[in-house]
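Got a structure for you, questions after.
For reference, chains read A, B, C, D, E and F in written order, and residue numbers begin at 1 within each chain.
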Amino acid sequence: MAGKLAAFHEFRSRMNEKLLSKGNLQLKRFFNLDSQVYIGGALSSQTKELMGLVASAVLRCDDCITYHLIRCAEEGVTDAEFFETFNVILIGGGSISIPHLRRAVETLEEIREKSAKGEMAKGRNREGLKGRMGETGKRRKEQ
Amino acid sequence: MAGKLAAFHEFRSRMNEKLLSKGNLQLKRFFNLDSQVYIGGALSSQTKELMGLVASAVLRCDDCITYHLIRCAEEGVTDAEFFETFNVILIGGGSISIPHLRRAVETLEEIREKSAKGEMAKGRNREGLKGRMGETGKRRKEQ
Amino acid sequence: MAGKLAAFHEFRSRMNEKLLSKGNLQLKRFFNLDSQVYIGGALSSQTKELMGLVASAVLRCDDCITYHLIRCAEEGVTDAEFFETFNVILIGGGSISIPHLRRAVETLEEIREKSAKGEMAKGRNREGLKGRMGETGKRRKEQ
Amino acid sequence: MAGKLAAFHEFRSRMNEKLLSKGNLQLKRFFNLDSQVYIGGALSSQTKELMGLVASAVLRCDDCITYHLIRCAEEGVTDAEFFETFNVILIGGGSISIPHLRRAVETLEEIREKSAKGEMAKGRNREGLKGRMGETGKRRKEQ
Amino acid sequence: MAGKLAAFHEFRSRMNEKLLSKGNLQLKRFFNLDSQVYIGGALSSQTKELMGLVASAVLRCDDCITYHLIRCAEEGVTDAEFFETFNVILIGGGSISIPHLRRAVETLEEIREKSAKGEMAKGRNREGLKGRMGETGKRRKEQ
Amino acid sequence: MAGKLAAFHEFRSRMNEKLLSKGNLQLKRFFNLDSQVYIGGALSSQTKELMGLVASAVLRCDDCITYHLIRCAEEGVTDAEFFETFNVILIGGGSISIPHLRRAVETLEEIREKSAKGEMAKGRNREGLKGRMGETGKRRKEQ
């Protein structure tokens, strides 16, 4: 990966590792729980990641938006679905969310470019972005 | 309807009417747009209302939560789906969202009781809660 | 005064007094500063109170909205001006601000009724709502 | 208990029970984690509850403020300490936090009255307010 | 234009274009409405842009602050008026808004430098910053 | 100092100076009050700075987090205490605070490196970070 996604990915992995190695048991449990919650159940993983995207955007956290854009794309969310989600964000969160949507569009573009080159993971095997715990697949086994 | 739902419904309808009658064209357009955004398209209306619920909860607006709980129930969201949504809210928004979830559970209970008595609208014909514009069905025709 | 405005007024005065009597010098200074900031200077007091209304609404604090609605009305803000302000709030803060606008419309209605009966203060002599420090006029002398 | 504290306590207990009985494993884990985090370790439980009070106030959640006021009082926080904490809240969160501080002062007054009558728990044995999980003492054993 | 303003301007224009070209009708309507709301009516455009600045600052969105600083300057807001507005922001939003004010002061300085060189638009003909829809003047004709 | 801390420090000092030189009396008073509030009294300065860290993190202001991390370190807060504080932030503010904690861990690492080299101030004489008013020590004398 190159560009902003790669930088995001590298910093996120490196710092999550530090947080988890220095943090106590409770911090690990929170991270673990944060992974479990997005696993498909009564609602699909795709729907939950879209919810995560909406929450991230109305709370206006760019890194969280980037994370959920990647995960949504891995779960097969289409551009049409993304833009309808942006409308829900915009009407609910107001024009204050526009700068975040501008950056989201840029990120989405980079995601689509990488996907076209086969550099993004797909669905359940996603290898592009390691799970929240920093290890691919782990989040599925732990529940 | 009786109880909190009825009070919510009555105040909401009465004040929306005042807002719309006194407000200018832009306010009407915003309300209209707020309705259009939740109509099913690439994403189903159910998914969008669930997104609306998540946004309302992490932004911590009880009236908005009540509105989207009703709309989600009208669109057929099950208790299992609601509780998985609550988990996404809780992990994303933190313990600060717990008091809102306590009130949401109480509201959901009242919704289910009314549903059992046939007092809630179902799906597309929902007559229990008038559309955001204050007139049932209108939000579907205007797009 | 009667109704919600009177209850707001009574609780606010009583509790501000307790805060200020129990609080230390820094709390008093903050309250004092909070009054000084809204006094007319390069910008009129009316413009500043309208700004306070916008801040209160996008941060979604009903009591703060009530306070600034009263102060704006005292400074002569018209209904047309209020509704244009509501539009700025709505577009900036999103649909999450609608429930607050519904309550604002109700409060504004009560303010106008009281005004018609001569029960609200006008402009600079406002006696209806005591200054933030709990004593009419004091906020003007202290700077 | 009587008054607002009793109402808060009753609703909180009843609804937490419903959330936990209907909620899945992840919700229970979150609630459990929410209790563990406030147990004394490198930082005392008192310091952590004061932190919880600050977080609750700047995020402007009245129920959370009430909860942490009770817990802080149980951990022996004095009025002078509370008012210095209010100053940190006020300067950091701005005048938008004043209405919450007004309500906090009222709640604190009720807490002190109950304490004087021996109706509040003290320190570690606090029986007035059951732990976050709804069972006294449980939060200490589970870590 | 050079420096931060130019970078802001370039990214904003390019991404708004992408949002609007990929987005559906509702997104366009929101952007259009966002422009209409700030047009002078009962309240002057200057007052509304100042309100937009306050909303942006207390909601802590740097890009939104930059946008409204530019628009306010175009509408003739003086430094004295800006600094009184900063006081309203500071007292209402708290010390958490200070880092945003530091960046605002830097932006304002760049705006004034460009103005001195004749590189900023003035009032109604503002050509420096294209309207929210990405086309100068359009926002005035569409209402 | 080098790296991010030095850049933070330089920009903060330079812009605070501009804010204070251009700002009126009220802005100066706010900055002054912001310093006074953190001086030890019934609560120690350490406890108050930890509160400031919690407020900054749940309100999600990176510059404020950096400031309070530095001040906490100056007041002798240990890594174990910082990580327990991060847990309170995480559980209260939710996963939306994780990106801020990632950046906090990086900042803390730089602080510890500088401390090891004797480049950070300790406790009351802290010379590394000038007081909020931009002048070392001043904040203690002014109360």
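Convention: contacts are C-beta pairs under 8 Å (C-beta built on N, C-alpha and C of every residue); 3 or more make two chains touch, one makes a residue touch a chain.
This one's a predicted model, so the numbers in the text were calculated from it and none came from an experiment.
Comparing the CA-atom centres of all chains against that of chain F, the greatest distance is found for B. Residues touching across the chain A-chain E interface largely differ between the two copies, under half of the numbers being common to both. Chain centres computed from CA atoms place A at the largest separation from chain C. One finds 30 Å separating the Cα centroids of chain C and chain D. Mean C-alpha position of chain A lies 42 Å from that of chain C. Listed for chain A are residues 24, 26, 30, 33-34, 37, 41, 55-56, 58-59, 83-84, 87, 90-93, 95-96, each touching two or more other chains. Taken pairwise by the contact criterion, the protein chains are fully connected, each one touching every other.
Taken in their complex, chain B has these residues touching chain E: 24-26, 29-30, 33, 36-37, 41, 143. Note for the complex: chain F touches chain B at residues 58, 90-97. The touching residues of chain A, counted against chain E in their complex, run 60, 79, 83-84, 86-87, 90-91, 95-96, 98-99, 101-103, 105-106, 109.
Those residues of chain A that touch chain B in the shared complex are 33-34, 37-38, 41-43, 47-48, 50-52, 54-56, 58-59, 78, 80-81, 83-85, 87-93.
Looking at the complex, you find that chain C touches chain D at residues 11-12, 15-16, 18-19, 22-24, 26-27, 30, 34, 55-56, 59, 61, 63-64.
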